[in-house]
Structure formats: C-alpha cells, structure tokens
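Multiple structures follow.
Same chain, two partners: chain A is paired with chain B first, then with chain C.
Up next is the complex of A and B:
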C-alpha cells in the first residue's frame, strides 16, 4: 500500500466571536474530522457551501483567519505540520491551486508569476517546460492576465502550483463556471499530478467532476465528515452509497432525480 | 403577453458586436434556457433584458410596452453571486424591504427562516442569501425573471431546493423566465425551449471575434 502523505485526525476549527461586550462564543466550523490521502491518490472532498470544506484547506495550509481556533492534528508524511515545517514545504512540496483566476497578479506578466519560487538559475528554462506541459505558447509568458482567456489562466494557475518537488496538491473548487471541455482539462491535469506520485486533495461541490477523477469521495455536511464513499458507488439511483446524505446529494443532481431532500421534482 | 426582443444589436464599448439583429421571444408562463460557453455573452444578454444595459439598436418590449427607462423594472435579474447583489452592511430585513414588503408566504415557500431576517449578508451562506435575492425579485409587478447562473455556486441539494421553490412560484404566477446556464442537464429539467447564444450572433461571417481570443491572435499574427 502507498504511504500516507496527509493524515488529518480529530481536526476541529472554531471561530471566536464577540457576543456583545466582552462575552465571547465559539462558532464551530469543523468538528472531529479524520482523513488520509495517500501517494498517487486523488481524494475528493464534497460538500455544500458552508460545510467547512474550504476551512479544511485553510487549516492544512495554515491560512485560517486570526480568530480561528484549531484542535486536533495534521500530519504531513508522518510528521506534524508545524508552522516551521509549513515554511519549508509550502510552495515546494505542498501546492495550493486556488479557486479563482483572480488570485493571479493582474500587474505582472504570467511568465514571471510562474517563475516565482523557482531557482533563479533555471527558472526561465523550467517555466518554458511548464508552459509546454500545459499547452501554453512561449510568447504567452510576456502577456498579462487580462490578455488571456479564462481557460488559459486556469493553465497558468496550474503552472504556478506545479513543481517537480510537489508531494501534496490541494485544489479548491477548480471547476465552477467552466464549460465542459475546460473542466475535462482541469481534471486531466489533476490526474497527471497523481500519476506522477503526488497526493491530491480535490475540494469541490461538483459531484460529477469528483466522481470521475477520484477513487474515494469524502462527503462533508455541517462541519463534519459524514462519510467516505467509493467513487464507483455514485451511479444509477445511488443505492450503493452507504450514507443517506451521499444518496441525497447524488439524487439531487438534475441529471438524476433533481429531488430536494426527498421531495421529488414535479414540474 | 411576451418578452420580445427584435433586431437587437449590442457590443461592449470599443469591442466587436456581440449580437447582430437578434430576435426571439419569451412567452409569459414559459421558461427559456440560454446556453453557450463561458465568455460567449450570456450574461450580457441577461443585463440587456433586465434593462441594466441599453442596446445599440433594436427593441425589447415587455407585454407590448418598451422596457421602462426609470422606475420599477418588470424584468428582474438574479445574479450568480448574491453577495455582490445586496448591501453587505444592511440586515436582511432591510435588504428585502428595499424591493417590497415580501409576504410571509413567499418567504416560507423559499425556505427563508425568520431568524435570518436580523442577520447581515456575511452571516448567511451563499444559498441562504440567494433565496433573499429571489424573494426580492418576486415583486408583485415583476413579469419576467432572468436567472443568470443562479445556482452555479451551490451544491446539488441547495440547487434543487432553490429551483423547486422558484419554479413553483413562477408557474403559479404565470411569470416568464430566462435561465442562463452552461449546464445542459439543468436546462433539460427546467426549460420549455433553448436558445444557443451563437444563434444571436447574426448573419454568418459577422460573428464576433474577441481581440484577445487565441483565434484572433493567430489571425493577427499571420496578417
């Protein structure tokens, strides 16, 4: 069996809020979450907005807001992921592919953005290689983000996130708002990363993307991981799905029953 | 009774035309889907129908009358990102009242809980906030709705819940509706008819070519 790259145990994230005067209350974000992603595996994390899936990514990357309170343990390749360890590994071994292309710097040519963090001696060469890998023309390196189409910007985002040294990729909602061909391309790139041995954590609300690309699908609801299902169980009426919430999600798709919480579509 | 678009011309300032001599109609009581890839001008069409943008030429009429230039707009637009459509500093009660006194019955149909009324937009999830935007759009004088990727940001259950409630209200009131989406399965469920946005480009050969599209760049390079 492949070695675990990321192990999350009993993770809790809460937010401290002022409830009038000096009284504080803690609003729970994530409660008691356990998961593991292994080398070469894509694990999808599915959930509604507000289910805590982006908090999970932020907790792993150590970029939660200041009022967040984290409990439990996050291990990367067997060792606790501390602040010092994050400094050494983020961007080199742990890569983050953000949701929106607006995460690119609008005032910097895209080639330069891909070269950030690369060894200056070989950066130019490496950036060309990454551009070739993602089907971007060499000349595009001199262009600014506004001069590229949405699909090309997605590829640039991948090029900024991918390094030879990457062992863990966290992709946060990489597909919404894209048409079918662009989605297929994003998924193909994720599959390539896993084939190269990286562990991929794909955070999404897009069920169909999740089940085409991942082997296992973790389903979150209300800050809890309610079930981990095999991707192959998301088929037909979803009778093979173990947890009722996973079934409900699957049946709510317009291509399935389009039912909402057990209420059938009748129009 | 229909929302009628005739001879519509539009292009962004300084840009190539997006639509040329485009005509179509949305009968009251029907749901029409608009499809097309991202960046093909679907949202611009929605903004034109709602009166947020003015056409260069052509006419849009609502049940026989031209789109009013001021006052209440009988074609209401519901956006993809509800947090960009409301005042983030107001409580939801005021956000609703900005449109009209929304009857309790409508709030119930949309699954809006009364405790949400005292919250601010930042204290609601996107799906919860979108329900408020829908409630606001359902003014008694609203005749047509345009839903622009209204549920693209939501999970399947939230998406289904919102559509169950809204289509029920739309059918009951006999409203006409335009659904803009790039999700074919969703349009199959909702729509009586579909219009690919390419059909609005006008006569063949006059189709828009973005200055920034790879095709246009290649053409410029070889010229």
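Up next is the complex of A and C:
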C-alpha cells in the first residue's frame, strides 16, 4: 500500500515534577505508543480529555513544555525526526492545524499570518489563492483576528497549514464548538488534503467526525493507545470492533445503545 | 464580510486627540485650583517673600501693598485674576530671579529636558532589551542577573543612588565633576560642549539606572506571557525560529506595556529629576522647583507645577496614541 509518512514507536512522554525537596518524580503522560500514518490516509486519534492525544501532537512537533521527557522514536518518512530535521520540515512538509483561534497572533493581520513560511516572492499571490480556496474575501487579509468570526478564523488556521509541499498534516481538535455544517466543511477540507497525498493525523474526541472522515481510528485512553480499528467497523452495534473499549465507546453514544459502560480497562 | 473599516483608515484618532485636549483643559483647571488653595493656605506670605525678611515696612505700607497686589480680595477673585493672566500667557514675575517666570522656566527646562530625554531613551531601550532577554532565558543566568538588578534598583531611591555615584565616581575615582552643569567660575556662555557632557553623565546615568529596572521587570513579565501563549506555540509548530518569533510576534505583543509604562513614567521621571538635580546641583527645572518652594517664590512654584502637569499629561497622551497605533483593538475601542 502507500508508504508510511509518520511512524511512532514506543513513544513515552513524562513530566518531571518536584516531589518535595530536591526529589523529582516523573508523571507519565503517554506510555508505549505505536502508530503509523500513511500517504493519503486520515488516521483519527480518538480519546477523552487527558488521554494524551494533544501530547502526541506536541511530541511530534517538538513543542512540549520544558519539563517534558520524551522516550521512544518518531520517524518522518523513514528518518528520525530530530530537532534539526524539524527545523527543515515544520511549516513546509509537516503542518499543524491547531485547536483554538487563540493560536493566531492577535496583533498581526491574518493575511500576514498565512504568509509566514511562504516564499516571499510568491507569498502574496499564494495567500490570495488560499483565501479563495477557503472562501475568505481578499479584504479579510488586512483584518486582525478580533475582527473575524470564529468560523472564518478556523478557515484562516487551515490556510496557514496548507502548503504545496505538505506531506503530513496534524489537525488538533479542529471541530469542537462548530455547528454541523461547519464540521462538515472542516472534514471536507481534511479529505481534500489527504486526496492531495498528505498523511493526516486527526486528533479529536468526536467519534462521529472521526469515523466519517478517517480510514482508521486509534483509540487512546490514559496515555496509552488502546486499539486501532477500521473506521468502517464503527457501525450498528459495533460488533466488528476488535477491542471491547472501542465497542463500549461506540455503544455509549446516545444514538446507539446509550449504555453507561463503566467497565474499567486494565493492561 | 461585514462592513467594518479596514485597519488603515482611522478617523478615530482625531476624536481621541480632541477628547484628550478637553481632558487636559479640565486637568489644568483642577491642578491650578488645587495648587492655588495649597499655596494660599501655606505659611508663605508673598509680600514677605518679595521684599525680603530684612526690610521693615509700616503696617500702612503693607496694607497698601496688599491692596495693590489684590491680596485683600476674596480667594475666588484672586484665583480668577491669576487664571485670567495665565490664559494670556503671563505667568507673573519670579520673586527670586526678578525675571518673568516663563523666561526662568524656559532656561531651566532646556537643561532638564536634555537630562530627562537621555535618561528616558536609555532606560526605555535598555529596559526593554534586558526584560526581553531575561524572559527568553527565563530561569537562567541572564534572567537572574537582570532580575537581581531590577529588584535592587526598584528598591533604591534615585537621590541615594546619585549620592553613591558621586562618592564612587567623583570623589574616589575622580572621573566626573561633583556637580553643576559646567566648571565653577566659568560663565555659562563659555562652557564647552565637552564640559557640559562631562557634567551631564552622572545625573543622566542616575536617572536612567532607576528607570531601567521598572521597564525591564514589566517587559520580562509580558514577554514571558507572550512566549507561553498559544500563538507562539503555534509559531514554533510552524517552524519559526527564535528570531522570527521575536520579529513576527514577540516584539509587537510585548512592547505595548513597555510603551505605556515608559510614557506614563514621565511623572516619575520628573520626580526623579527633581531629586537627581538637587543631589548634583544641576540647574534644571527640578532643582529650580525646590528653590522656588524653599524661597517662597509663589509665581515660579505655580508655574512649574502647571508645566509639569502638562508634561506628565503629554506623556500619557503619547502613550495612548502610540498604543492605538500598535494595537488595533485599542484603536477600535478608543
């Protein structure tokens, strides 16, 4: 099948804390995580808050807080993703679509923020093209984030992430708080990116968006990867789902069985 | 798209300035009333201050003088008479210098202005840079040095620092003169620029050193917030380097409080210059204010009070205008 773009093996993220005096202890964030995203594929990482899905994104991008301690290996197109390699690839080949509109600089016109990282010679033209692609008016480029609506800002965030050279897109919770139409729009944009050949890692806690847009769904809980299921298995009673936790999750949805679940999963 | 104005067109700005001018007028009215009331209730007798202590006048002569000066009229009449002449630009005659107050202030203000301008620029630029560097190296050596310096200097009164500088640099090391704006015994017109500069250095450094601390600490805090913000995290995730982050996001977002503070600092700068000039016997507006107060020179005292009110107000006004120019959100709100 397609070549793997991102390969994460045995990833561990811990936080060093002072536990009284000079003794330190490490609080685990992610433990022993393996996953792979391939060219043209959307992999959804599903999990509740605190399950470690945002840490996974931060670890890949190298933007974890200073007291974080990373073990294991992250490979991008077969090579280890080191600090030097990140410098060359972030913003060009690896792009991040963040969760919140507070990720935009409040004092910079949005057009300028989209132009960051583009070749200065063609940046202006490229930014116009991106604005047109995401249904933003040309004049909006000169406006500041506080002058645009939430939906427009989200489209601006998309525009910042889309580059001709992009091979891997990491989208962190791009849908919460949006109405159904806007969610559909965001998911459509992600599909387009994958159709252009990018590998997309979609981080979300919205099961329905995850299963409608992704090929495979990785379920996280308590900093571990529980299971990777095929998106098509999330249907009916979820009998096709391999792991009981995924089944519980699926059946707990109101439109399904709305079961309380309550099974504690231990490994 | 809604019909909001693009960022470039700001007819808001003239309105902002007009509002501030009205505010200045009301401020000056308030300050003049307050100063007038304070002086009237002070033990200073303008006639005594004018004629000097050693001249004996009969009660009849005194009463004539009082009548001639209008001191027998009601306070309100007196105030209105004074305010009326002020509005015509007449600040009266200094009793100490026997010259129009405006001339005395003009001559002194130049010397003070140079001192304050240098101290202000130095403390602003240096303070911002030190604060930014400290924030970018938070917890490391550079940060600790800057923080130590700032905390120490914030706790140091300007006049005391001036005395320390005098003791160290003028008395022990002999690098700089002990005071005044030029060598003693040389007419002001004959003092060379080099000599002026030589006398200028210590007071200027004293004033700057204290100002740096304030700006540095505020910038450090703001820059730390900026560096921990979502948009800087996003910038990192987009592969922007440290220098690019500073240029694209750090500078604009962190400079607003520094600018506000720096212009609002006009008040402290003036207060500091009063102390520094007194310590260094530097003939500026600050030391003249002290002289006028101690010598019972009411017209000069009131004149300097009003001028300093305008000076401080101007600082705040510039801060507002500059902030509005940097931050579009303020511009829209104004």
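Assume the second predicted complex is superposed on the first by the 261 of 267 C-alpha atoms of A that agree within 3 Å, B and C clash if a C-alpha of one lies under 4 Å from a C-alpha of the other, contacts with A are read in each partner's own complex, and residues count from 1 in each chain.
The definition used in the following text is that a contact is a pair of C-beta atoms (placed from the backbone, for glycine too) under 8 Å apart; a residue touches a chain by one contact, two chains touch by 3 or more.
Please read these numbers as outputs of a predicted model, since none were measured by experiment.
**Student:** On the A-aligned overlay, A:182 touches which partner chain: chain B = first, chain C = second, or both, or neither?
**Tutor:** So A:182 only meets chain B here.
**Student:** If you stack the two complexes on chain A, which partner ends up touching A:191: first (chain B), second (chain C), both, or neither?
**Tutor:** After superposing on A, A:191 lies clear of both chain B and chain C.
**Student:** Does the superposition put A:128 against chain B (first), chain C (second), both, or neither?
**Tutor:** Touch partners of A:128: none, neither chain B nor chain C.
**Student:** Of the two partner chains, chain B (first) and chain C (second), which one does A:105 touch, if any: first, second, both, or neither?
**Tutor:** second
**Student:** Taking the superposition on A as described, I'd like to know which of chain B and chain C A:85 touches: first, second, both or neither.
**Tutor:** Touch status of A:85: no partner.
**Student:** Please work out whether A:243 is in contact with chain B alone, chain C alone, both, or neither, and reply first, second, both or neither.
**Tutor:** neither
**Student:** Of the partners chain B and chain C, which touch A:147 in the superposed model: first, second, both, neither?
**Tutor:** Both partners, chain B and chain C.
**Student:** Show me the chain A residues, by the header's touch rule, that chain B contacts in one structure and chain C contacts in the other.
**Tutor:** In chain A, residues 146-147 are touched by chain B and also by chain C.
**Student:** Mind listing the chain A positions that touch chain C in their complex?
**Tutor:** Where chain A meets chain C, its residues are 61-63, 86-87, 89-92, 95-96, 98, 100, 102-109, 116-117, 137, 139-140, 142-144, 146-147, 160.
**Student:** Where on chain A is chain B touching in the complex?
**Tutor:** That would be residues 46-51, 146-150, 152, 176-180, 182, 205, 207, 248-250, 252-255, 258-261, 263, 265, 267 of chain A.
**Student:** For chain B, which residues count as touching chain A in their complex?
**Tutor:** 37-39, 80, 125-127, 149, 152-161, 163-164, 167-168, 171, 182-183, 185-186, 188-190, 212-214
**Student:** Help me check something: in the complex, which residues belonging to chain C touch chain A?
**Tutor:** Chain C residues touching chain A: 1, 4, 6-8, 229-231, 233-241, 244, 248-249, 252-253, 326-329.
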